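Should a chain be cited, it is by its letter among A, B and C, assigned in written order, with residues numbered from 1 in that chain.
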Amino acid sequence: MTAVATPERASGRGLRAWLGAHPLAGYAIRRFGLYLLELWGAVTVAFFFFRMIPGDPIQTFIQTLQQNYVYNAQASAEVIARYRQEFGLDGNLFSQYLHYMYKVLVQQDLGPSLLNYPTPAQDVIMRAMPWTMGLLGIAAVLAWILGLLAGALAGWRRGKFGADLVTNLSIALSHVPYYFLALILTFVFAYQLNWLPARSAYDARLQPGFSLEFIASLLRYGLLPGLSIVVIGVFSWLLSTRMLMVPVLGEDYLTYAQAKGLRPRRILTRYALRNCYLPQVTAFGISLGFIFNGNVLVEQLFSYPGLGATLVQAIGILDFNTIMGITNLAIFSVLTANLILDLLLPLLDPRVKYWR
Amino acid sequence: MTLQSTLRPLRGVARRLRENWKLSTGLVLLIGLILLALLSPLISAAVGQGTDPVAIAAYQKWLRPSPDHWFGTDQFGRDLFAMTIGALRVSLEVGAIAGVLSTVVGVIMAFVAGYKGGAVDGTLSTITDMVLVVPSFPLLIALSAYTKNVGIVELGLMLAAFSWPFAARTIRSQVLSLRARPYVELAKVSKLRDLEIIAYELLPNMLPYIGVGFASSALGAIFALVGLEVIGLGPGETIDLGKIIFSAIGTGAMTLGAWPMFVAPIFLLTLLFAALNLINIGLEEVYNPRLRGVAGA
Amino acid sequence: MPDDALVEIKDLRVHYRTTQGDVPAVDGVDLTVRRGEILGIAGESGSGKSTLAVALLRLLRAPGYVAGGSIDFHPSGQPSVDLLAMDERRLRSLRWRSLSYLPQGSMNSMNPVMRVGEQFRDVILEHAPERRNQLATMVPRLLRQVGLDEGVVRMYPHELSGGMKQRVLMAMSIALEPDLVVADEPTTALDVTIQRVILQSLGDLRDEFGVTLVVISHDMGVHAQLVDRVAVMYEGKVVEVGDVRQVFKQPRHPYTRSLIESIPRIGEAPWRDEKRSPVA
């Protein structure tokens, strides 16, 4: 940096120097670029996948219209063409793609839904979202926290009967699909014991609102679907945390902490757990996608009015706009969560230098 | 490379089978289930005694479990015992096809990516990751709902299309670690062709991981199909274990006293899950010393 | 019982369980640590000296276990105890205030995700909560004592060099003025100049604070420079113990002799240097 540079070169070097001085910023910019690339790639892949499904939603739609309104006249070609245009289904696949991306990116418009025509797809999605966020969000976070703590304890007390029993149980159960547990829980608690409801999100006789009765009903109805996600989640987080925990327990700093005469609980939390929870933060972000997949079935099984069940309905009538909207939302959430967690990680872990 | 040294890892498998109860129990369970499935035509014939016990209206509707019909009959008067065993066979076949396909694709992707490294690895890994990000289950639902005339092979193919990235990912990391081993270096120095190195040096050592990949993708495929069937979006007329569960739920079989319609497929699936999961864990424990004793000691 | 005894190890036996049966690592050791002295424990790796230290600190882990013997500890102003027979909770209250540990700096002894200051705070507040108000002055003072800048307080372990780590650990080991510090290979894996400085500071610790030190080292040179008395271990037994000058001058056991001969010497042998040369 000693030579006198021309202005352009200076600015180029200036940028490099600035990035040199702010390595974290450089890392963040690169990571963000990757994020945009992944976002675009995944949305594109999803778009073409879904559009390649055989079937003509408009024909089906018009047939239902005819049935519902006893509208006997043969649908004219113009009507069909108008609907095609409205739903962005005219032209070849590639121009449909460009049109869709333009609408979504520039106009923030997901197009009309078929499920509930003419309600826009984003309204349909927004209506379903709180249910999924409530059910899935709480269940996923709860499972993560409980699994992390239980896993830390299972590792800490390894060799003891209880801890090893729990570990073996998790090995057996951590890969059970959510819906499978949901089926068994429903069978036992809803059909055999008749303790809990098997369908819907709340008692239909109640008026949704902030009444105690309604909230109690929400919890009662959410218990079985939530439980199936939480239980499996706890077991799988328990197992992976324990696997991270065991090598940490052999580290010198644990022996040293013991020599220091610290309380066991403090050693467990501040020394052991703190050194193995970070990979689990990343893993949580990655797991969101799988959890969403599993949730589709759980919601459908319980007729829970969330995104998963809506998605299944939308697929039933090939409502592309709603399908793509929900898929995009899932992709966006998973990738964004990963981005945030990746950006947070260097701040959480002093050892890690991500900005290489 | 002689035949004997290629077989060496296989002999190791036999020895480890005796040492690891999880692996052996899993295999015994799985073999039992496969035998049961293979016997399904015989069982069907024995139950039907000349007629097809799973034909519509073969018997009266909703018969309670009895010595004639161990599991009773369903809403169409079909014998549930024969039907469940037949469905087990379908589930197993789909799992086997999807498992083999996704393992083969996964292994090829992983070997090319892991062994070649560099730009090839980068591109293939990015593709793998991107496929992993797209929510696969909705796609599967859509595909199965709108594809006509799907047989078991097509089903397996469809399920494999979504499960190969998992196999590819796990196997790739193993290839990466194996590639750096001295004996592979030695083979490279002695100028063996890439294909020979892969076939003689890497593949035999990868067998347990490929086994794990197969077991988990077969398991994934079986349960994905059951999942589709359970919500009534399964493809075509195939009757697998999931479809029986679906009709049990849909018809309210539990309230009609036809509980085996729900319990029997769930029980078989649980056994199948336990078998494949035990094989998986057993293989990992035996071949990945880092995991050994995760559950005990 | 000698009046000045701080630790009395009697017939200590530590075994390791292996698939081939028990293997003794410490095999009937009797040893007394006198108040205020620096006692060296020498021996090659596998001689049992580290196991002895770990047993003394009650940090033994499976598959190791104490097969017999006792370790009587007489901390000042407190009743005497048998370290091996104490329950975990009472032992914990004794740790660091009376019995502290100085591990090898090249080990991962510091929590990688905690700042140096926090790790001091941790142990001080655990055993001496009444010093909460003094923390801000106390930690920098301790660091200065071992020749470190007080800015180290805000650093993470991975930002420290090997020598700095060793000094931080040293400062930490004396934070609560313990009766006994067990130093396990305090100079191993450090380069020679830093070794000298560390040895100097260890000597100063005794002179300034009156701590009793047990120094485990395979390096006879360390013992020659630092300790008052040295115990030589061989195959789990103490084969020789005595005044360091005496041992160096007239080793009684052939193993001791070979250990002494293994010291690389440049010019004069270290035990004949000015400070330590016998006054004839």
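Heads up, the rule we're going with is that a residue touches a chain if its C-beta (ideal position, glycine included) is under 8 Å from a C-beta of that chain, and two chains touch if they have at least 3 such contacts.
Keep in mind the model is a prediction, meaning the values are calculated, not measured.
Undergrad: Most remote chain relative to subunit C, going by C-alpha centroids?
TA: Centroid comparison gives B as the farthest chain from subunit C.
Undergrad: If I average the Cα coordinates per chain and compare with the overall Cα mean, which chain comes out closest?
TA: Nearest to the common C-alpha centre lies chain A.
Undergrad: Quick one: report the Å distance separating subunit B from subunit C, using the average Cα coordinate of each chain.
TA: 58
Undergrad: If you average the Cα atoms of subunit A and of subunit B to get two centres, how far apart are those centres in Å?
TA: So the centre of subunit A lies 25 Å away from the centre of subunit B.
Undergrad: Suppose each chain is reduced to the average of its Cα coordinates; what separation in Å results between subunit A and subunit C?
TA: Averaging C-alpha atoms per chain gives centres 53 Å apart.
Undergrad: Note which residues of subunit A are touching subunit B in the complex, please.
TA: Touch list, subunit A to subunit B: 38, 41-42, 45-46, 49-50, 53-55, 159, 164, 167-168, 171-172, 175-177, 179-180, 183-184, 187, 191-192, 239, 242-243, 246, 289, 292-294, 296-297, 300-301, 311-312, 315-316, 318, 323, 326-327, 330-331, 334-335.
Undergrad: Which of the residues in subunit C end up touching subunit A in this complex?
TA: 57, 59, 61, 91-97, 100-101, 103, 107-114, 122-123, 126-127, 156, 158
Undergrad: Going by the contact rule set out above, which residues of subunit A touch subunit C in the complex?
TA: Residues 251-253, 255-263, 266, 270-271, 274-275, 349-351.
Undergrad: So in the complex, the part of subunit B that touches subunit A is made up of which residues?
TA: Of all residues in subunit B, those touching subunit A are 129-139, 141-143, 145-148, 216, 219, 223, 226-227, 230-231, 233, 245, 254-255, 262-263, 266, 269, 273-274, 277, 281, 291, 294-297.
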